[in-house]
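Chain nomenclature is as follows: A, B, C and D, assigned in order of appearance, with residue numbering initiated at 1 for each chain independently.
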Amino acid sequence: ELGSFTKDIGKVEPDYIRSFQFEDKLIPSTWVVVRIDGCHFHRFSEAHEFVKPNDEQAINLMNTCAVAVLKEFHDLVFSYGVSDEYSFVLKKDSQFCQRQASEMVSVLVSFFTSMYVMKWKDFFPQKELKYPPCFDGRAVCYPSYEILRDYLSWRQVDCHINNQYNTCFWELVKSGKTKTEAQNALKGTQTGDKEKLLRQFGIEYNELPVMFRRGSSAFWGTTRIDKNGECNGNSGKRVVVQHCNIIEPSFWDALPTILSG
Amino acid sequence: ELGSFTKDIGKVEPDYIRSFQFEDKLIPSTWVVVRIDGCHFHRFSEAHEFVKPNDEQAINLMNTCAVAVLKEFHDLVFSYGVSDEYSFVLKKDSQFCQRQASEMVSVLVSFFTSMYVMKWKDFFPQKELKYPPCFDGRAVCYPSYEILRDYLSWRQVDCHINNQYNTCFWELVKSGKTKTEAQNALKGTQTGDKEKLLRQFGIEYNELPVMFRRGSSAFWGTTRIDKNGECNGNSGKRVVVQHCNIIEPSFWDALPTILSG
Amino acid sequence: ELGSFTKDIGKVEPDYIRSFQFEDKLIPSTWVVVRIDGCHFHRFSEAHEFVKPNDEQAINLMNTCAVAVLKEFHDLVFSYGVSDEYSFVLKKDSQFCQRQASEMVSVLVSFFTSMYVMKWKDFFPQKELKYPPCFDGRAVCYPSYEILRDYLSWRQVDCHINNQYNTCFWELVKSGKTKTEAQNALKGTQTGDKEKLLRQFGIEYNELPVMFRRGSSAFWGTTRIDKNGECNGNSGKRVVVQHCNIIEPSFWDALPTILSG
Amino acid sequence: ELGSFTKDIGKVEPDYIRSFQFEDKLIPSTWVVVRIDGCHFHRFSEAHEFVKPNDEQAINLMNTCAVAVLKEFHDLVFSYGVSDEYSFVLKKDSQFCQRQASEMVSVLVSFFTSMYVMKWKDFFPQKELKYPPCFDGRAVCYPSYEILRDYLSWRQVDCHINNQYNTCFWELVKSGKTKTEAQNALKGTQTGDKEKLLRQFGIEYNELPVMFRRGSSAFWGTTRIDKNGECNGNSGKRVVVQHCNIIEPSFWDALPTILSG
């Protein structure tokens, strides 16, 4: 058999076969964002009985995975997550995977997924994983700091809109409405209408947990200031998870080195 | 706060931000191969004390993941794996992920990784995962059946060359040579030389397990013929793992529907 | 000043600047078609008073340019043109411009344009070029001979549909209708309706010049058979322009070497 | 025949054929530079007996074409040319050709070429075009004003280096050396060495025409200052050709609106 293999070796031209590979290099000196999204997580969250509209443990698991990704891949300078999605920002001049899009995306998605399965038991000790969770990913380049900030603002605005809608939706369902009735009741409502609706259920939207309303930012922080304005004593460099308003310039002004790139 | 968010919503222009997304659509009517590779698996295999040169359980785990991938994603028509890599072939006219490369690659890598972590305990009941395993991936298009076959042949030839080299290398190391001495001893040797060397260690290369010498093919088989030429009774459609010579046309002639796609 | 330039030289990092260049390599072993289209040729044809619906001299000029392109770039194996567009087919394994799309397209468009201006006087001795004619171009890969043939058929079907429509339209306009009236009169008409309409103007569509009805194919022909089935005596290899039905297999069967590539 | 065509129409599926077209959209909000280069202009310049090392009329023709390009395509905000190349800068948010690279490049190359042939006689009244001149083109994105400036500086540094080399080379050839001898004589020489060499031929490099030493910039200027520092009275908006040092910030400071985007 070796003989026949030896003969077969001669037939194969690796250079020709390799010539079909193509570059998908992202333009240099731009902010690359790799966004990871859960595949069919609607179904996944039902199969694993996530609390609606927000499952705190599921979000904590996502945040834990994001922190691990930031610790593993040092070219990441910021990340923002909400629900089953997480956006990772690479520093502007990163040469991670030689900026080949497929490789960058696949490595980050794979590591994130690996962590998600490994850490599942820590967050859901009573629940077995019924089937493998799966994420997709994509890379996008943003040529300036301003547009990158616009991207992040867009994600946080989406978080707010979706969270307010979902909170209303599930309150209506819990109150006895069908899902279709709940959808119809919300059709065309504005932010103010939804606030009023929630108050009828005794919910003051702005008092809901900030993690649900604002999503989570994970990034390398050198110090952390507590609610009383005191340094929390941890001056070492570590990845922190916060739930700030990342639309307002003040967040970025206070942490100028995050995107100094 | 809602108020300020409401104001912020107006600042964000989703269409503008989305305009930075770009298509990476693969050319239609070509065979797409997504190849998954372990990241830093040299280190991973040492940390988890894989048997050298081939760890049967580690390969069985890879094959189990590949089978799960084929069962999950029905556009996959064939797969071939060796060591820490696995190639998945999509049918020629697949519209999986609308043929967007990053999405296709990330979904397959993520699912494979998820399975790898979930099934780890089944194959290594005595070993804890010390850190998250990670795979990268890339997609390549092959415009004809012939070139696709050349690609698969290339991977199997590589399997053979690497396996023969590694078998010699580890025999030399077990016999007391340092790794550097073993490398030097093998420099410039041909297939025939390596066969002779192995015989000195009492090893007949062609009698080594066929899974190590030929790698593994996972695909949908409708029936399976046993060693005596008899049907094994399972005529149902299921994913089989075989260790065939996929370079020779006879394999493909016998299973013409695999790539008829 | 040289001094300051010398200083400036040091500031420039060519490798960094070159790193922004990107590959746009077309997949190997596929049929590349570069299609050239006149930019705003509606306006150009009016400014230069082209005969409507078809200006024989304008088409002859296009064909002359195509012939020159085929003579200059030997990787082209076939071309088909109609109105102000021309499609050039490169042989499947062409390495023209290392298959970089922008370079391939720009070179062919530039040469074609150059020829168009140079040869203008030969076809329009009484007319000055009022402003520079301009063409755009794009490259598309077709992975198989069958799909390439489908592409060419599509262009010829388009030629037929457009020509029949335009012939009707201009007859109606010549008969005194406004352009809007002519458009409305043709709305929803089928091929048969248009044939009848033309007969009212004394025109038998199938007797119109074949160049208008079928477009033009320019390619390397070794011999040419005249209407009586006789060889025209020119057995030398040269680029010929014909007006054949390129949808029917018989054309390709008779000239099997054209796309043997 | 119409009958058979009617039948053939049914076989063609335009949507399927169009699906092979692919996007090559350049990333938004970046400076796109389309650089045009003469194909085989070494040969072209010999065939048309261009003066060496610089043919003033050939450069004037290039500049005239560039001015016409700027007048025709209003998204161009700056251009710089030297020898047989010209770089065109599009404004950062240009939607020219929907930012499709092949189309942008082909249109600009085609228009430039068209103009080159049309204007040839104005600059070379005694010389017939012996064959069609041809240019290639490519597009590159620069994500910031600084990198765009670096690109332009790189081209001007190249102009200086090449011009000084060529001036020396042709002086040596005119003095009786063979081309090979001239090349050898210049091997390893620095800027200072070349200046000295030229002085031996009675040439003060810095007194050579500024157009040869610095190349040409064509751009929309609102006013023009003459040698005496006076406004030339033409305050209208028109395309000017200047031979400035575009590496120094002072040029850009004086004309802040050029790249204001």
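Assume a contact is a pair of C-beta atoms (placed from the backbone, for glycine too) under 8 Å apart; a residue touches a chain by one contact, two chains touch by 3 or more.
Computed from a predicted structure; not experimentally measured.
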| item | value |
| --- | --- |
| Identity of the chain that, by mean CA position, is farthest from subunit D | B |
| Chain pair showing more contacts of the two, A-C and A-B | A-B |
| Subunit A and subunit B, separation of their C-alpha mean positions in angstrom | 28 |
| Computed distance of Cα centres, subunit D from subunit A, in Å | 46 |
| Distance between the centres, which are taken as Cα means, of subunit C and subunit A, whole angstrom | 49 |
| For subunit A, residues contacting two or more additional chains | 16, 20, 22, 27-29, 141, 147 |
| List of subunit D residues in touch with subunit C within their complex | 1-2, 4-6, 8-9, 11-14, 16-17, 20-22, 24, 36, 39, 68, 97, 100-103, 105-107, 109-118, 129, 132-142, 147, 150-151, 153-154, 157, 160-161, 191, 195, 205-206, 213, 245, 247-248 |
| Subunit A to subunit C touching residues, read off their complex | 16, 19-20, 22-23, 25, 27-29 |
| Touching residues (chain side subunit D, partner subunit A) in the complex | 27-30, 141, 143-144, 147 |
